[in-house]
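First subunit A sits with subunit B, and in the next complex the same chain sits with subunit C.
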Partner chain A sequence: MLGQLIINGLVSGLLLALPALALTLVFGILKFPNFAVGATLTFGGYAAWVMNHQVGAPLFVAAAVAATIAAGLAIVCDRLIFERLRDAGSIALLVASLGLSLVLENICRFVFGNSTRNFDVEIARPIRWNGLRINHEQIVTAVTVILCVIILQLLLSASPLGRAMRATADNPALAAVRGIERNTVARITWALSGVLLALSGVLAGLDRAVDPLLGWSYQLPVFAAAILGGLGSPIGAVFGALVIGLAEELSTLVLPTNYRQIVSFAIILLLLLMRTRGLFGAKAVRK
Partner chain B sequence: MMIYLSTVIVLVSVAALVGLGLNFQWGVAGLVNFGVVGFVALGAYTAALSVSHVGWLSAMVLAAAVSAAASTILAFLSIRLADDYLAIVTIGFGEVINILLLNEDWLTGGALGIANIPRPLSSIIPAAQYDTILPLLAMLLVALTFAALETLVQSPLGRALRAVRDDPTVVSALGKPVLVLRIKAFAVGGAVMGIAGSLHAFYLTYIDPGQFTSIITAYAFMAVILGGRGSNLGLLIGACTIMSLIEATRFLKDTLSIVDGVQLAALRLGLVGLGIILLLLLRPQGLLAEPHKRIRDFFPDSEETH
Partner chain C sequence: MRGVTLDQPPETILAVIGPNGSGKSSFVKTLAGLLRSREGSIEVTGEAVTSLSPAKRVMAGLAYVPQEENVFRNLTIRENLKLATEFLRGRSGVGPAQEAQVLSLFPEIGRRPKTLAGDLSGGQRQMLAFACALLSNPEVLLLDEPTAGLSPKFVSETMEAVARVREAGVAVLLVEQNVAAALRIADEVMVLVAGRKSLQARASDISNADLADLFFAKMQ
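This part shows the complex of A and B:
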C-alpha cells in the first residue's frame, strides 16, 4: 500500500517536473511567474490530440509536432506581448500572463468543447511486481521526464546556450556587455518552456484525458514545486516536483482525496512563511 | 424586459463592488490579488448561511467581516512577500475556498449549494415591485461603498497606501508601518468583496460553487485595468462598460446559430483575457488615470511648479 503510494507519488511528481521547469526557466530570465503555464500545457495537449486522433500520427510524432507548435506559440506570445511589457514591471507581466492564460484556455474550449478527449493508444495491462501495480503510462512518463531533465541539465551546464542563459539570469546588464542578447536568450527560453509544456500536456493527457481545465488543475502543484525548489533554480524545480508529488499522494493516507490540492497550497504557505527563498533558493543562480 | 434590465443592473453592481474592492487592494495599494473569487464566495456563503438567523443587514455586515478576517489572515501570512508570491498565494486561496465549498457538504451543501436564500425586505416589498426595488438597493450599495472608499483614498491612509505602492522603502524610512498599512488595504478590499458576494447571494437566492469561478477574478482585473488603476470613478465606468459588453455577447447567440452555450462562455472569457492584454499593451493607464494632486490643490496661492 505504502510502496504503491510512493511509486504513484514519484511518477506524478515527475509529471509536475516539466511544467515546473518551464515556469522556473522563464522566471530565471524574465523575473516574473508565468501564469499561462497551465493553459500552454492544455494547448499542447490538444495540439497532440489533433495530430494523434484526427490526423492519425503515432503519439510520439504527435508529441513532437505539439512541442514545435507550442514552442512557436511561446515565441510569438513573447514577441507580441511580453517583450513589449518588459519595462512595465513584473506586475504587468504577470497580469498579462493571466490574460494570455484565459485566451489560450478558451480557444481550446471554443474549438473542442468541454468534453474530455483521449489519445489513441493501446491499453496495456499494468505490470505487477511484488504486489505493486505499475501502469504503462507511468513508465512512459518516467522515462520521458527523466530524459528531458538530463538533456536540459546538459544543455544548461555544458553548452554555450546554457552559459548564456545562466549569465542572463544572473546579471542581464553584464551579460549584454559580453555580447549576449537578452531578447534572443529570452526567446530561446520561451521556446524551451513551450516544448516542456507541450510534452507535459501529452503526458498529463495520457494520465487522465485532455480537457480545457487540464492545465489549470496542475497550476497550483506546479507553482508549489517551483517555489519549493526556489524560483529560478532548475534542479530545485525537479526536486520540488518530486516532493509535491509524494506529499499529495501520501496525504491520501490522512486526508480525503478531494483535498489533495490543498496540500500544495499548505506547502506553499508553510514554505513562504519559513524560507522565502525555497529549498534551493540560495543556489538560484549556480555559477 | 424590465426583469432583464434589473438583472443587468444587479450584475453590474456586483461586478462594480468586486472591482472597487480589487481597486483598493491592487490599484491603490499595489497588492495583486488573483484570489478575488474566493473572497466573493466567502461573503456569499456567509450571507446565505446567516441571513435566516440574523436578518439581511447583519448578514451583509457579517459577510464583510468574514471576508475581511480571511483577507487579514492571508495578508498577515503572505503580504511581506514580493508581488509574484502574493499572486500565487492568493490564486491558491481561491482554489482552496472552491475545494472547501465543494466538499464540506454539511455546511455548504456541496455541489448543490444553498437554495431559497431569503431576500432582503421581501416581507415589506410586494413581489411584483421587487424587480424594480432590488436594482435600486444594489445601486445604493454601490454608491455608499464608492463614497466610503473614495473618502478612504483621499484620507491620509489612502496617501500612505499609494506611497507604499510606489516605493515601500521610502515609506518605511519615513517611519510608517508598511506591513500594517498593507494588511489594512487588503482587509478593506476583502470586506468590499464580501459585500459583493452577499448581494450576489441575495439576488440569485441560490448559490453553488459553480457560480464562483475565476471569471469573477478576470472581470475584476479587466474592470480595474480599463478604468485606470487607482481611480474609483474610472472603475465604475470600467465595470459598466465590461458588463454591458459581456451582456451584449448574449445576443451573438441569437445571430450566430453555430455558437452554442459552451462556446459563448469561452468566447466571453477569451475576449476578457484578450482585453486585459490589449489594455496593458495599448493603454496601461486606463480610461481615467488616477487623479494626481498638485501643489495648488493644497496651497491655492502658490505658483504652479512641478
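This part shows the complex of A and C:
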C-alpha cells in the first residue's frame, strides 16, 4: 500500500515537474508569475488531441506538433501582450497572464465544448511487480519528464543559449550591454515554456482526459511546487514537484482523497510564513 | 542632460567628473543605450548608434562597465568571459587572440575559471568586468565609477589598468568621483554640473582652483 502510494506520488510529482519548470523559467527571466501555465497546458492537450484523434497521428507525433504549436502561441502572446508590458512591473504582467489564461481556456471551451476527450492509444496491461502496479501511462510520463529535465538542464548549464538565459535572469541590464538581446532571450524562454506546457498537457491528458479545466486542476500544485523549490530555480522546481506529488499522495492515508489539494495550500502557507524564497531560491536583494 | 557635445579621438582617456547628481552616470548610460535620449545623436567611428539597442551598440564598438553589478554573480569567471564574446559573431577582432591579450592584462582572472563571480572581491570583480568589456574589442570603453568602494591599493591598480587599455588604442570615457585619481591618467576632462557641460579642457590645464570653483558654484 505504502509502496504503491510512493510510486503514484513520484509519478504525480513528475507530472507537475514540467509545468513547474515552465513557470520557474519565465519567472527567472521575466520576473513575474505566469498564471497562464494551466491554460497553456490545456491548449497543448487539445492541440495534441486534434492531431491524435482527428488527424490520426501517433501520440508522440501529436505531442511534437502540439509542442511546436504551443511554442509558437507563446511567442505570439509575448509579442502581442508581454513585450509591451515588459517595463510596466510584475503586477501588470501577472494580471495580463491571468487575462490570457481566461481567454485561452474559453477558446478551448468554445471550440471543443465541455466534454472530456481521450487520446487514441492502445490500452496496455499494467506491469505487476512485488504487489506494485505500474501502468503504461506512468512509465511514459516518467521517461518523458526525466528526458525533458535532463535536456533542459544541459541546455541551461552547457549551451550559449542557456548561459544567455542565466545571465539575463541574473542581471538583464548587464546582459544587454554584453550583446545579449533581451527580447530574443525572452521569446526563446516563452517558446521553451510553451513546449514544456504542451508536453505536460499530453501527459495530463493521458493520466486523466483532456477537458477545459485540465490545466486549472494543476495550477495550484504547480505553483506550490515552484514556490517550494524557490521561484527561478529549475532544480528547485523539479524537487518541489516531487515533494508535492508525494505529499499529496501520502496525505490520502489520513485525509479523504478529495482533500488532497489542501496539501498544496498548506505548503504555500507554511513557506510564506517561514521561508519565502523556498528551498533553492536566491535571497531577494532590495536595491 | 542638455547641450552636451563631445568628440573623443582613439587612444585617449576622457574623464567625466562633477558633483553628485550632475548627470554623469545618466550620460554614460545614455551612450550605452540603457537610457533613451529624447534628441541628439551618438556615433561610433562614424556609425550612428542612437537608435540601436544596447546589444547592437556593443557590435558597433561600444563597451560599457557599470558602476555596480558589473559581473554575472551567479555565473563562473569562465562563463562570464565566454558570454562576453558569444553573441558578438561578426565583430572584427573578437576571438582567441584578443582573449589571450586581454587575459595577459588581468592574469589573476584567468587563474580561477571555476570561481563564481559573486565570490570575488570588489577589485577582482572590477577586473573581470574590464576583461569582459575588452573582449568585445571595443573602439570606445565606457567606465562608470570603476573605483567606487575600492581600497586605495585597488584604486591605483584599476587606474593602471585603464591606462593600459588606452595604450591598446581604445578611447576610454571614464566617469569618476575620485577626481585626483582620474586627473592623473586622463588626457582630457569634462566637468558636468546639473546636466550641462561646464568645462572641457586638457587635464594638464585644469587646476584644483578651477575645479573647486565649478563644484562650489553648483552648491550655491
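In this text, the second predicted complex is superposed on the first by the 281 of 287 C-alpha atoms of A that agree within 3 Å, B and C clash if a C-alpha of one lies under 4 Å from a C-alpha of the other, contacts with A are read in each partner's own complex, and residues count from 1 in each chain.
In the analysis below, contacts are C-beta pairs under 8 Å (C-beta built on N, C-alpha and C of every residue); 3 or more make two chains touch, one makes a residue touch a chain.
Treat the numbers as computed from the prediction; the structure is a model and nothing was measured.
Visitor: Can A:R109 be said to touch subunit B (first), subunit C (second), both, or neither?
Guide: Only subunit B is touched by A:R109; subunit C is not.
Visitor: Pick one for A:F119: touches subunit B only (first), subunit C only (second), both, or neither.
Guide: Neither: A:F119 stays clear of subunit B and subunit C.
Visitor: If you stack the two complexes on chain A, which partner ends up touching A:G179: first (subunit B), second (subunit C), both, or neither?
Guide: The second partner, subunit C, only.
Visitor: Considering only touches as defined above, state whether A:Q219 meets subunit B (first), subunit C (second), both or neither.
Guide: Only subunit B; A:Q219 stays clear of subunit C.
Visitor: Tell me which partner touches more residues of subunit A in the superposed arrangement, subunit B or subunit C.
Guide: Partner with more touched residues of subunit A: B.
Visitor: Applying the document's definition of touch, where does A:N171 land relative to subunit B and subunit C: first, second, both, or neither?
Guide: In the superposed model, A:N171 contacts subunit C only, not subunit B.
Visitor: In the complex, go through subunit B and note every residue touching subunit A.
Guide: Going by the criterion above, the answer is residues 30, 32, 34, 77-78, 81, 83-85, 87-89, 91-93, 95-96, 99, 102-103, 218, 221, 225, 262-263, 265-267, 269-270, 272-277, 280-281, 284.
Visitor: Quick check: in the complex, which residue numbers of subunit C touch subunit A?
Guide: Residues 32-34, 53-55, 57-59, 63-64, 66, 69-75, 79, 82-84, 86-88, 132, 136 of subunit C touch subunit A in their complex.
Visitor: Which bits of subunit A are touching subunit C when the two form their complex?
Guide: The contact residues of subunit A facing subunit C are 160, 163-164, 166-167, 169-171, 173-182, 282.
Visitor: Touching residues of subunit A toward subunit B in the complex: what are they?
Guide: Answer in residue numbers: 27, 32-33, 35, 81, 84-85, 88, 90-92, 94-96, 98-103, 105-107, 109-110, 113-114, 212, 219-220, 223, 227, 231, 256, 258-259, 261-262, 264-265, 268-269, 272-273, 276.
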